[in-house]
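We call the chains A, B, C and D, going by the order they appear; numbering starts again at 1 in every chain.
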Amino acid sequence: MPVRSRKRWRTFAERARRVRLLLMDVDGVLTDGHIYLQSLPDGTAEEMKAFHAHDGAGLKLARMAGLRTGVITGRDSPATTRRAREVGMEFVSQKQAEKLPAYEEILRQARVGDEEVAYIGDDLPDLPVLDRVGLAIAVGNAAPEVKRVVHLVTRRSGGDGAVREAIEAILRAQGCWHKLIGKARA
Amino acid sequence: MPVRSRKRWRTFAERARRVRLLLMDVDGVLTDGHIYLQSLPDGTAEEMKAFHAHDGAGLKLARMAGLRTGVITGRDSPATTRRAREVGMEFVSQKQAEKLPAYEEILRQARVGDEEVAYIGDDLPDLPVLDRVGLAIAVGNAAPEVKRVVHLVTRRSGGDGAVREAIEAILRAQGCWHKLIGKARA
Amino acid sequence: MPVRSRKRWRTFAERARRVRLLLMDVDGVLTDGHIYLQSLPDGTAEEMKAFHAHDGAGLKLARMAGLRTGVITGRDSPATTRRAREVGMEFVSQKQAEKLPAYEEILRQARVGDEEVAYIGDDLPDLPVLDRVGLAIAVGNAAPEVKRVVHLVTRRSGGDGAVREAIEAILRAQGCWHKLIGKARA
Amino acid sequence: MPVRSRKRWRTFAERARRVRLLLMDVDGVLTDGHIYLQSLPDGTAEEMKAFHAHDGAGLKLARMAGLRTGVITGRDSPATTRRAREVGMEFVSQKQAEKLPAYEEILRQARVGDEEVAYIGDDLPDLPVLDRVGLAIAVGNAAPEVKRVVHLVTRRSGGDGAVREAIEAILRAQGCWHKLIGKARA
């Protein structure tokens, strides 16, 4: 398995310490993958998404620690727009049939290189980005094809704290988790 | 058990290789069976359904592989209409108290025979169609009466990736799963 | 335990064979107990409920078998009104702070006696009715105080097929389950 | 572990007997932590929350027993406003980026001291309040940093009856649970 070995020769901690930008998919990562569609009286339907409060708190901690954050998703939804704003995300790229062009555009805007980016994904459309980033992460319930190519698989599933867990792992590697907890408690 | 033996003398792979059209129930198959009803200020209520992103990705892969897809359901909901369109379904038959006439109408339109159709069901109203199709599939949480008559029971439950799992099984039998994964990664 | 023994000296089957009317609570029985409140732009909130398709199919079978059905609930919601109509319920009694008066009113209208009624409950407000009916049933996730006084505890939880399971148990005792399955398949 | 030992030298029962006011977080405590955002046709999104009927029944029992109740939350939502009213809460403090000032304001209004207050939390923003109250409670799925500093961790998770369980534990310590059950049954 050449892919795996190429990916794994640096340790997780070495990779995590370089991360300045944390990007992620939405459906299946910030949510548990359910696409809720609410029928309306006029015969149309609008989407609902189920985010998690623990992920939200984690994303705010990430920001306090100086990590920049964002999403790249194939769908387009006001729910995602609102959630991204609530948790202080800088990059929100929706309606992307292909994720790689959106990824490259964000890197240009953020002026960072592949090695400084972590990406959290769960399914096949995430593969091209996961193959590029310095730190590739899969949620606990990701497709097997995704789990096979990443540096970390979270214990928690998407929408149930996987993003919080990934952030905690990165910030611990960067040595600033305990300081943040202390601040939260003060 | 004569039904079981009639059904099982061909292998799953032999049956799956003939499939050109994949039909399925909605509630309990593309969803986990929950019928969400949202009360509105005017005293009426509108339905919400919870689909899954992994099923959506699977249905798009099916289409890329040349499989035609569709639903037959007893309920009638704008949510289903929107989801069917999003995932590229060709046949959407709602409000069908009896499923067999709708099934036969779709076969006429698609110009395919029973042996070329797979159907995924979960409950008693699906039995007449499951008794007809070349490849009968039940989701993991189907009623026992349904599991007893099918050629495949998925490990996953309805609304939690059962449709994706069925599609992967069919496309593997048809020998085109790995090529599709390769394309997704490119 | 005098309550338990009073309740249990007749077998479940003997009690079930007398049932002509099946009543039940809504929240925690026809749903898993979640009270979803959707915020609206005008600052109010409207309730959503999560029913289950398997329960709906079971309630239609009950009706085909001649069982009359209904709900008694402390809350008031268009979602319940719509669901009750969809599954062919005859008695819908909402906004009942106390359940016993509503229960007695339904019995008068239905012209049946306590021994001909089954009731499915999950929590403390159901106790007065469960103490009266000929056949008292608790869902799998009912409060311990409720499970202690009933004739049957379903394996399934409320909102996940508990009502279907109770109906199947009653109709099997009445000897008409297999005939109904046969009809469904035809 | 000095924190733990300071917290634990009084027994749970001694602490619970003093409680006159029960405060709690909303997301992750009265709900399972999911932040549902429903997209609307005008491009905005509104929040939905999933409360639990068993918690609601528990909060009404608490009130019957003379306990005053309330919430302190970082978010702001009509869903919370409605639910708090439904279950008879006296104190509803929303949109509190910092929880301690809101906590102190409620204590002034209620004219009670720290020792007379119980608080149920699940995540880092709850820590400053949990460090103050006479009886600190964490839900079963709370963050490890929270579980470490409380006097009781409920078996049940937030949104799945954790608040009901906490209320039952307090009212049993105060010796009035059985009387309440008796009333419910009458």
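Note that in this section a residue touches a chain if its C-beta (ideal position, glycine included) is under 8 Å from a C-beta of that chain, and two chains touch if they have at least 3 such contacts.
These numbers were taken from a predicted model, which means no experiment stands behind them.
Chain copies chain B and chain C are related through a rotation whose angle, from the C-alpha fit, is 90° to the nearest 5.
Centre-to-centre, using mean CA coordinates, chain A is 31 Å away from chain B. Chain A and chain C have CA centres that are 43 Å apart. Taken residue by residue, chain B touches two or more other chains at 36, 38, 40, 44, 48, whereas all remaining positions touch fewer.
The touch graph of these protein chains is a ring, one cycle where each chain has exactly two neighbours.
The touching residues of chain C, counted against chain D in their complex, run 27-28, 33-41, 43-45, 48, 122-125, 127-128, 131, 143, 145. Put simply, chain C touches chain B in their complex at residues 36, 38, 40, 44, 46-54, 56-57, 61, 77-79, 81-83, 159, 161, 181, 184-186.
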